[in-house]
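Shared between the two complexes below is chain A, which has chain B as its partner in the first and chain C in the second.
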Partner chain A sequence: MDAFGMGLVAAMGALATVAGASEDIDSDIGSQSNPNSQVQLAAQVGNPHRIYNKAIAGEPPSNALWCATACIMAYVLIEGFHMPLLFATVAGASLAALFDGVMATSAYFGRSASQSRFNQWIYLDIVRYTTPSIMAHVWITSFCVTLIAVIQVYVLTPHHPFPIPVIGLIWGITIGAIGSSVGDIHYGGEREFQWRLFGQGLNTMLSGQIVRKAEAGLRNSIDNAWFCAKFGGPCTGLGFGLTVFCDNWRTTVFDPVTQAPYAIAMGVIFVILMNVYNLYMEISARKKYGPYPGYKGDIAA
Partner chain B sequence: MDQLKGFTFTPQQLRMYGIIGSVVGIYLTVGLNVLTGTKLFSFIGSIAALFAVLWGANAIRRICSYGLGTGVPAMGMLCTGMGCVAAVFGLNLAGRFGIEWAGVIITLIYAAIFGYVVGVLCNKVMKFNIPIMEEGLTDGAAACTMAILAWSVTISGSLSYNAIIADVYNTGFLALIFILGGMALFHPFNANLGPDEKQDRTLIDGMMVGGLAMIGVGICSLVTLGLAPAMLTIVVGFAIWYYFYIWYFRLTTRDAAAVVGTGLLPPSAL
Partner chain C sequence: MSMTFDINTLVYMLEIVVGSLLVSVGVHFVPVGGAPAAMAQATGIGTGTVTLAAGSGLTGLLSAGLMMSVTDNIWPILATGAVGSMIMMDATMLTGDFIYSYAVGCPYASAKVNYDPITMFPQPPYVAPGTVGQGIPTVCFVSGTIGALLGGVGGAMIYYPCMQISGNPAQSAIFALGIFFVQSVIPSWNIQGTIEGFHDPKFKKWPLAFKASLIAGILLAIMTVLIQPLGGA
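Presenting the complex of A and B:
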């Protein structure tokens, strides 16, 4: 272990935190993943809307695509043209953002056109002002993830044996899975159903009854980004940042070749600690807030 | 805008186009590269992949019309996973028997059997009970394998097992082929999911993503093949992407309830 390596690990944790936050906000602007099912259902239950419908697979595959794309571009520039690492990363992230723009618009067009019998219109102004915002967030995500992969392979010792596109793919799947399970709940469970009491959860009866009107005018996807950037985004960032930091910390402190058992044991300790903390959180939340006010006992199925 | 004429293909037609297009395309790529002693014709491999994409996207579309909402990407990833394994296995087997030229055929047959077995497992063991599961997964796995093989040939410029392992698998470019190839298969149906989905719009979306994949693969081949063949792939890929994106947008305009510059909700919903 050296101070430089530990500094790099800290930098990777910081990058991952930013990446996680931007990933979640990107998916919220596009209503991807978890909230998407409600946006999709809304028109079908008679609520056409002006909300972006970016159905590019789930979040894990789509983020794996952006990160892998950014990483291959970076890899090509570094290995083939001996470009500086940072420049290669920037070029890679730009390509990923362009790819994202194409996929996002095609999904919005396609999903809306496939709901024509429910009178779901395609609004071109939404495409014009929401897509760049999605692309910008994807740029930040893939830039940070590519930089993490570049640090792991080219800077941090011992160098990671995998090529950076594979590491990018794996981190992309990870960040998508974390965003999908941590941050999206904030949008899908709360923001879309703001007219219900907080913490009620989603009743099947409410499916598709999402909020379509804003404080003034009609709600759009940028409003959702404003809401999600306050809590859902940072939470996702924290989740991904901790994952990257803790994972790399244990292999930097303990040499993964000569001290492998210690590194593995450290990982197991992390998992146990987090589970214990989760349990504590749940118990303390139940104690503090009690059952939901409208709860009238379990309904027999 | 004038009314666009659509098209419909039967699964049998698409299977035929997919098999012939991808196999002939891959052999044409390798043959022309060997004949001319250059790697300039590698871009034909990606065009061959488009036929396989058409075939595979329709297979995914058929399986997933049975109500697999969130299962659409899963089906695509399953087929891509089978494809990655089948491509290596087929090429390796052909290399070991000293018949590298037959690698494509062996890979195709192996992938079809692989897909069929997984389809039987899905229906009989996991009880999916989707009537066309076996047929669909056979198509999907075979199409995805051919697409992966075709893109791999574009990156390495040859069909030899060692070259493809060195250029595609060891460099990590397989990550892009895996995910972008999967996207080309499942994104079309996933993006067009809904009661008014149309086959022509879905397939054109698949071709559009195929063009995008060609650009990505072209960028990969900058390292493995050099500037000229790679730029050719990128430029042709961009042209294909642009052509099909415009076509896709026009089909969307044809099918949508309305395409408006801006405006409030439809009068019925306000």
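Presenting the complex of A and C:
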């Protein structure tokens, strides 16, 4: 263990936290992931809306694509042209953002056009000012992930044996999986349905009845990002940050060559701690919120 | 590098098949609620089976790849793969539960059992009306951790022989990734997209996926030992 290595692992954790947050906000602005099923449904049950709609793929494959694209460009610039690492990363992230802009625009046009029979319009002003902010968030995500891969392969010891595009692909899938399991709940469970009773999930009867009015005027996707950036985004960042930091911390503090059992045992301790913490949260949530008032079964709470 | 068939080839194939089966069974343990869970409408993690299993298993693969670059001993490689995978899965479930309890404001409850088999907490009074549970209660959390353990070991066990054959980390990782995806799609059909964990009645269907994954695993193992030597580093 050396101080430089620990600093790098801390930097990777910080980068991962930022990447996770921006990934989730990107999927909220674009309404990309699971909660988009309700956005799709809304127009079909008679609620046309001004929400952006870029769900052409699940979050994990699409983020894997952006991150791998950024990493490939960075890899070519580093290995082929001996460019500085940071410059190569910036160039790669910019390419990924451009790709995403193309995909997002075509997805919005395609998805909205296919719903024209339900009176869903295509709003050009939405395309104009939402697409750049989607691209900006993808830029941040792919920049951070590429930089993590670059640190793992070129700087941190022991160097990772995979080339950076493979690491980018894998972290891309992971960040998408976390973003779609964590941040989406804030968007789907809370933001899309704000007029139902607080403290419960979406009643099946209310499917498709999403909120269409904003704090001022009609709600659009930027309003959703404003809301989700307060909690859903940071939580996603925490999830991905924990993953990257804990996983690399244990192999940096304990040398994998001579102290492999300690590195593994440390990981097991992290896992046990997280299990116990979840149990604590479960107990405290049950105590604070209590059973639902309308329950009529025989099982006592 | 030329192709040679010997006893080692059989061992490599066996490792790939066993790894495949571990991934396939492991996916059944992961509590996935799909899109409904993202609206706090069903118990489990709010995403698809394949992506979640892949996300955790591949994080394990990154750890296993790092370990394999410094040692040839299979045990630390498998163990570190499992640990990496469990860390990812637990971090995801934990931060997901932050949102269920602090943003949506609901207690965690399973709709498939009356009492949580681990904590013995009653479940039905805590299931919101019009939903099939929400959040990730202890039994689902533990089940997810076991699933990630099996997935991580499985992924590392597929990566290990690939690496032994070709010595090329990038190619071996891509092969392991591909086999991993095949073996997590097969059980997803079996559980029809959502499952709560080992306490869910759907879990009893695992032998079906086991058989399908065995056949797919054998085919993939044959292809791997044929193709891997071509791209040696």
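Everything below uses one rule, namely that the second predicted complex is superposed on the first by the 291 of 301 C-alpha atoms of A that agree within 3 Å, B and C clash if a C-alpha of one lies under 4 Å from a C-alpha of the other, contacts with A are read in each partner's own complex, and residues count from 1 in each chain.
Definition applied: a residue touches a chain if its C-beta (ideal position, glycine included) is under 8 Å from a C-beta of that chain, and two chains touch if they have at least 3 such contacts.
Owing to the predicted nature of the structure, the values given are computational and were not obtained by experimental measurement.
Peer 1: In the superposed arrangement, does A:Ser142 touch chain B (first), chain C (second), both or neither?
Peer 2: Touch status of A:Ser142: no partner.
Peer 1: Which partner does A:Ser31 contact after superposing on A: first (chain B), second (chain C), both, neither?
Peer 2: neither
Peer 1: For A:Arg212, decide between first (touching chain B), second (touching chain C), both and neither.
Peer 2: Touch partner of A:Arg212: chain B, not chain C.
Peer 1: Check whether chain B or chain C contacts more residues of chain A in the superposed model.
Peer 2: C
Peer 1: On the A-aligned overlay, A:Tyr289 touches which partner chain: chain B = first, chain C = second, or both, or neither?
Peer 2: A:Tyr289 sits against chain C, while chain B stays out of touch.
Peer 1: Have a look at where A:Trp121 lands relative to chain B and chain C in the superposition and call it first, second, both or neither.
Peer 2: The answer is first: A:Trp121 touches chain B but not chain C.
Peer 1: Let me test your reading of the model: by the given contact rule, A:Ser181 touches which partner, first (chain B), second (chain C), both or neither?
Peer 2: second
Peer 1: Contact-wise, after the overlay, does A:Ser22 reach chain B, chain C, both or neither (first, second, both, neither)?
Peer 2: Once the two structures are laid over each other on A, A:Ser22 reaches no partner at all.
Peer 1: Identify the partner contact of A:Val76: answer first if only chain B is touched, second if only chain C is, both if each is, neither if none is.
Peer 2: first
Peer 1: Where does A:Asn220 make contact in the superposed view: on chain B (first), on chain C (second), on both, or on neither?
Peer 2: neither
Peer 1: Once the two structures are superposed, pull the chain A residues common to the chain B and chain C interfaces.
Peer 2: 37, 58, 61, 162-163, 166, 169
Peer 1: Can you list the chain C residues touching chain A in their complex?
Peer 2: Answer in residue numbers: 34-35, 37-42, 45-48, 51-52, 54-56, 58-59, 61-63, 65-71, 76, 79-80, 83-84, 86-88, 90-108, 114-115, 119, 121-131, 134-138, 141-142, 145, 169-170, 173-174, 177.
Peer 1: Show me the residue ranges of chain B that touch chain A in the complex, using the header's touch definition.
Peer 2: 69-70, 72-73, 76-77, 170-176, 178-180, 182-183, 186-188, 190-198, 201-202, 205, 208-209, 212, 216, 219-220, 222-223, 241, 245, 248-249, 251-253, 255-266, 268-269
Peer 1: Chain C touches which residues of chain A in the complex?
Peer 2: Against chain C, chain A makes touches at 33-35, 37-38, 58-61, 158-163, 166-167, 169-171, 173-174, 176-178, 180-190, 192-193, 198-206, 231-232, 235-236, 238-240, 242-243, 246-247, 250-251, 256-257, 260-261, 263-264, 267-268, 270-271, 274-275, 277-279, 281-282, 284-286, 289-292, 294-295, 297, 299-301.
Peer 1: Enumerate the contact residues on chain A facing chain B in the complex.
Peer 2: So the residues of chain A in touch with chain B come to 37, 40, 44, 46-50, 55-58, 61, 64-65, 68-69, 71-73, 75-76, 79-81, 95, 99, 102-103, 106-107, 109-125, 162-166, 168-169, 212, 218.
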